[in-house]
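So, here come the structures, one by one.
Consider the two complexes below, in which subunit A is the common component and subunit B and subunit C are the respective partners.
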Partner chain A sequence: MELDAIPQLVLDGLLTGSFYAMLAVSFGLIFATTRTFHFAHALTLTAGAYAAVVVGERGLPFVLALLAAGAVGGAVGWLTDAGLYRPLRRRGALSLNIFLASLGLLIAGEAVIQFVFGPNSRPLRGFTAAGLQAGPIATGTVQVVMAGVSWGLVILVACFLHFTRYGLAVRGVESNAFLAEAFGIDRGRIFGLVFAIGSVMAGVGGALLALQDTATPTMGLAPILAAFIAVFIGGIGSVAGAVIGGVLLGLLEHLGGIVLPGYLQTIVAFVLLFVVLLVRPSGLVARARG
Partner chain B sequence: MLEVDGLRTGYRGRPAVFDASLSVAEGEIVALVGHNGAGKTTTLKSVVGLLPAWQGGVRFREEDISRSRAADNVRRGLCFLPEDDFVFTDLTVEDNLTLARFGVGSQGRASRDADAVRAEIFEVLPVLRERSKQRAGTLSGGERRMLSIGMALAAEPRMLLVDEPSLGLAPVLVERVMDLLAELVRRKGLSVLMVEQNVDQALRIADRCYVMRAGRIVMEESAARLAARDQWWDLF
Partner chain C sequence: MQFYIDIVNAALIVAVLGFSVNLLVGYTGLVSMAQGAVYGVGSYAAAVAATKAGLPFPLTILASIAAATLVSVLMSWPALRVKGEYLILLTLAVQLVLSGVYEAWVPVTGGTSGIAGIPQPAFGAEFPGPGTLLPFVLAVFVVGFGVSLWVGHSPFGRTLRVIREDESAAESVGKHVTYYKVAVFALAGALAGLAGGTYAHYQAFVNPVSFSLDQSIFLMAVVVLGGAGNLFGTVIGAAVLASFPQLLLLANFDNQVAAVAQRFLYGLLLVLFMLYRPQGLVPEYFRLRRRTPGRPLGRDLAEIQITDLNFCKITAKGGSVVLRATDLHKSFDGVKPADGLSMVLPAGRITALVGPNGAGKTTVFNLLTGFVPPDRGRVTLHAEDITHLPTWQRARRGLVRSFQDVRICEGLSVLDNVRTAIPRQAGETVGSLLLAPAVIRARRAHVEAAMSYLEFVGLAGRANEPAAALPFGEHKLLAIARLLATEADVLLLDEPASGVDRAWAERVLDLIRRLADEGKTICLVEHNLDVVRALADRAYFMDAGRIIAEGTPEELMADEHLAAVYFGTRSGRPGHAGG
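The block that comes next holds the complex of A and B.
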């Protein structure tokens, strides 16, 4: 057992966990407010990554690539709600129908991206990566940027939810959509708003992943699965829960490396999910419903 | 104030209300009574725009609102208080009152200062001031109903549509809630259309009453005359 490696693994876990936390907040915001299992969030992430890659290939600054990723992600998410989910909801579709439609959109969307950009991976240019060393632990500027941008977005969303009129409306729809509508809150508009916000985050997340690795047509599914697991670990409907779930997941994935061989590390997330579902099914930061 | 003419509506293609016609004048309390499943709640939901009207017309202050969405009707001054889940349990009392004002201040309606409205609500319902930082889900049943009335006040409505305000409350609280509704009508000049199973209490504060049976309005009577009957259950 490599105990000397623990500080390094904790740092790596916190950095990865920060990214998971951001994705969990984005997925959780949509799920808790609209009760839509938005599997196509993975497509939004991929679209954001490719938007950033295209901007980067034109020699434009990295910040512009991030902004483009957010804008494209937000547009894809909003259009998915307006063009697919809203008509289905209007026809009284069941959650399962909507989930299947979302899955279908993801598969079709990935095929379109592969058709347009090709199957090969594409790097995100425009950012010069460098290593950072502090005593025995090391990381890179890419990982620090990923964590910094992730925390920035999480704090922005938390402030929006708790200090703005529309943020309160989102929390109202999440708490009781029927009553919110009875008090003049347009549920459809609020759904569109949370799809846009969550999708901006996913799009930026795609750009960050492309920066760390590369963009591929199927890159979205694994991180969105991690986000979904983090949401259920932390507790649905809570930004704090999603953040705790994400950070915990990142930490355990890396610390699992002390006792588990590399090829088994991916099961850590699912083991954690099973334990939480068995011991505390409503999540670690669950609110008592009145 | 409100005129419903030949309303027909229902759920998923199945009609639940047939040719319902009723009216509520300014400053009037009208009760809509009948058995479970008679179509009372469905009528309220359709009037406020939460359920589309299939046929017939709904006019509010001379304006046709038959095809209007709930959000627009709230801005016109209609306020619907549902029979259950009538507060945002995950939010604090204060947030509930703030959210209830979401639709205030548009459609040409003059709105008052939010702080003044809040102060007035706390004066009428002091328990809400004491509990303002508390999550609504932790309030007692009676306190939740008080909060829902406070939310209705915050929305500065012209007309309240109240569904079963006595549901789940102890008898002493039912009386208190009914008195409060009557007082609000007096103080604010509101109109009220109220669905209520507790007919005695409803008739105590109502001016007029409609009886619904199997989706149809089968009787209209003054509340005083209906209350004077030896029995009214045979009407249901």
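The block that comes next holds the complex of A and C.
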């Protein structure tokens, strides 16, 4: 027990949690609106990361790498919806079958990335990392950029959902797709839109992760699992819930280290998920449905 | 040669794992992404038992079966509380936690380097190799396949399919859904444990890579590509997917490329199959013909003696109260679909429940059958208090219902829909499955009984068709056959004749009348007042969660006030007694 370390761990937890929160919002938006268990979201993230790496290797500025990651991520996600989920939905596929197709796409897509870029990890160049120190607490510019970009994207999405007509349409489809269609909203287009938005976020997330660590073909699953868990903990269909779930997860992962040996830290998230699913299946921020 | 035998052995082990996944996912509809990890529990149990505890060979396999079964049953406890995506996520969590344990619990599992030096059973040979081990692996496969086929095609397995199709339908015909789910988790655990122990002894080495999430996904692919719900399909899926990377090695690909190519292949196959052939290579009802020619569409009703059928031995005397509900209350967020509701159902009589839309008629059925627990009040059946009994126990005591939305299991054949509902079948529980001769003997009798119910509703000629092939009206008839098959003596019928072709509606009404004559207690929710007038001895008039009048149908229909309520021109006044 090192209580002195708590401020540092809280900071680390909040920074990681911000990143999880962004990924959770990106997955939560897709899941709540389309009810697709979009496992291949992990592939979108990886594609974004490699896009950033390729741009970085050309010696282009970091901002361009982020933009490229967002663009490639958005394109991959939109194409996944249009090319895979839409035909499946048209055939009346069960949600289990859609999930399995998504799983297949992730596996096949990772194999393709491994063929093209090799199995080894690739760093994201073009950003000079530096340490930051404030009294006893230390962090790095990379972590601050991650958290900053994450919050920026979350706020943008929240504003989009609450202050624009398209955002209203998205919320309409989410709460009752049938009724929304009766009011002339094209469900398919809204689905495509949320896939694009969520996937841009995941792509940027991939770039941020590659910046912190490196890009590898199988990098996507762990952070996307964290996002799944955050969404289910926080409650489906609520930006606030996803954010709370993500931050909580980040904090627990780091603070868990005080009482638990290192190898058990990864389990903390799943224990939390277990407890929430059993005690309060609708999530911590349950939303009243009409 | 040894190389090819090794491929065969690997595929056989994967097939046994596939059976375990298929029973869970294909049969019962419980998606588990943790079977790779449960397989690991079995493998590590055998490895530890052999290398650390010094247990001799066949006993180690028993240890792996026991350990994996235990873990699987433990997993079923939280898994029973969640559904759909939540279950996927939860089992995913179990998989990742166990993977973490395999890597981190070094003193027991050896961490990432695993456990080596597991003794290979020699079976008399000087140097055990794939060839000498083939009989052992083959025997394991035969046992696994045999057990899975036996269970899958028994009444137990049929009930699993019903649960997959519609849990509430299974409950409504007296099946204890939780029991079946725990049992199938245990069975899937045992099979995975068997495969795990075999694998440990075959490879003489285990490490966490073999039990990762990738393994779970791979197994899912084996089952789905082969055909979920069909065990032969699983064998084919295992043969194709397990041998593919090995064959690439033959074509001089290096190891790593072969592994990536395998992943690409089964990922791509998953996508393509979901798009173009979601039922898999061998669909669930592979031998099922679309239409069985020859048999007439049921005999004339007059020809069939109700006493021919297995209808239950009715004990209650005509007119005596069989079911009594006293002062039932239920409210959902301020809406009160039952607000101090009391009623009695006498034996051998048809009682109708009428009232405007939203009066709470279907809620009454939900309260009586236990689908919804009342906030207050009491329900008794044959003077026994059943207020707190679950639905399936009420069904076993002879109280069953039909659903307005029918809830036929479309993925099962017409015959199986009815056969499932027959109570107390041999082979319906894990214990009775062990008595094979009794199960086989009973099978014939149950098919005949089910056919007679189908004849009764005129569907005998379509017994072997998938229920999905029937039009809606015939689903209603099938639902009635299923209800009769439960042998219950109290039948709650929710709009039994609506949506049915006129001629058949006549038949259904005729049938209901004859059932009452035989002593069955019947309660009917019906919108068609002509039907009510023709059938019912007494009727309760409901509005806003209360009974506002009772009497003969003629008396109620003559009441102008009730007519006004019924057609929505006036709201009901509690306390008004018609007749």
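Just so it is clear, the second predicted complex is superposed on the first by the 290 of 290 C-alpha atoms of A that agree within 3 Å, B and C clash if a C-alpha of one lies under 4 Å from a C-alpha of the other, contacts with A are read in each partner's own complex, and residues count from 1 in each chain.
Following the convention adopted for this analysis, a contact is a pair of C-beta atoms (placed from the backbone, for glycine too) under 8 Å apart; a residue touches a chain by one contact, two chains touch by 3 or more.
Worth saying up front: this structure is predicted, and the values here are computed from it rather than measured.
Visitor: Do subunit B and subunit C fit side by side on subunit A after the overlay, or clash?
Guide: fit
Visitor: One more residue to check, A:L168. First (subunit B), second (subunit C), both or neither?
Guide: It touches subunit B, and subunit C stays clear.
Visitor: Who does A:G118 touch here: subunit B (first), subunit C (second), both, or neither?
Guide: The answer is neither, since A:G118 touches no partner chain.
Visitor: In degrees, to the nearest 10, note the angle that opens at the C-alpha centre of subunit A toward the centres of subunit B and subunit C.
Guide: Rounded to the nearest ten degrees, it is 60.
Visitor: Under the stated touch criterion, which partner chain does A:N97 make contact with: subunit B (first), subunit C (second), both, or neither?
Guide: second
Visitor: Check whether subunit B or subunit C contacts more residues of subunit A in the superposed model.
Guide: When the residues of subunit A touched by each partner are counted, C comes out ahead.
Visitor: Between subunit B and subunit C, whom does A:F178 touch in the aligned arrangement: first, second, both, or neither?
Guide: first
Visitor: Taking the superposition on A as described, I'd like to know which of subunit B and subunit C A:G152 touches: first, second, both or neither.
Guide: After superposition on chain A, A:G152 lies in contact with neither partner.
Visitor: Given the touch rule stated above, what does A:P7 touch, subunit B (first), subunit C (second), both, or neither?
Guide: Neither partner.
Visitor: Counting only touches as set out at the top, which of subunit B and subunit C does A:P61 meet: first, second, both, neither?
Guide: neither
Visitor: Measuring by CA atoms in the overlay, how small does the subunit B-subunit C distance get, in Å?
Guide: 5
Visitor: Once bound in the complex, which stretches of subunit A touch subunit B?
Guide: Per the stated touch rule, the residues are 92, 165, 168-169, 171-172, 174-176, 178-186, 237, 287-290.
Visitor: Any idea which subunit A residues touch subunit C in the complex?
Guide: Within the complex, subunit A contacts subunit C at residues 31, 37, 84, 87-88, 91, 93-101, 103-112, 114-115, 119, 221, 225, 228-229, 232, 263-264, 266-267, 270, 273-274, 277-278, 281.
Visitor: Can you name the residues of subunit C that touch subunit A in the complex?
Guide: By the definition above, subunit C touches subunit A via 29, 31, 78, 81-82, 84-86, 88-90, 92-94, 96-97, 100, 103-104, 213, 217, 220-221, 224, 256, 260-261, 263-264, 266-271, 274-275, 278.
Visitor: Looking at the complex, which residues from subunit B come into contact with subunit A?
Guide: Of all residues in subunit B, those touching subunit A are 12, 48, 50, 69-71, 74-75, 79-82, 85-91, 95, 98-100, 102-103, 135-139, 151, 155.
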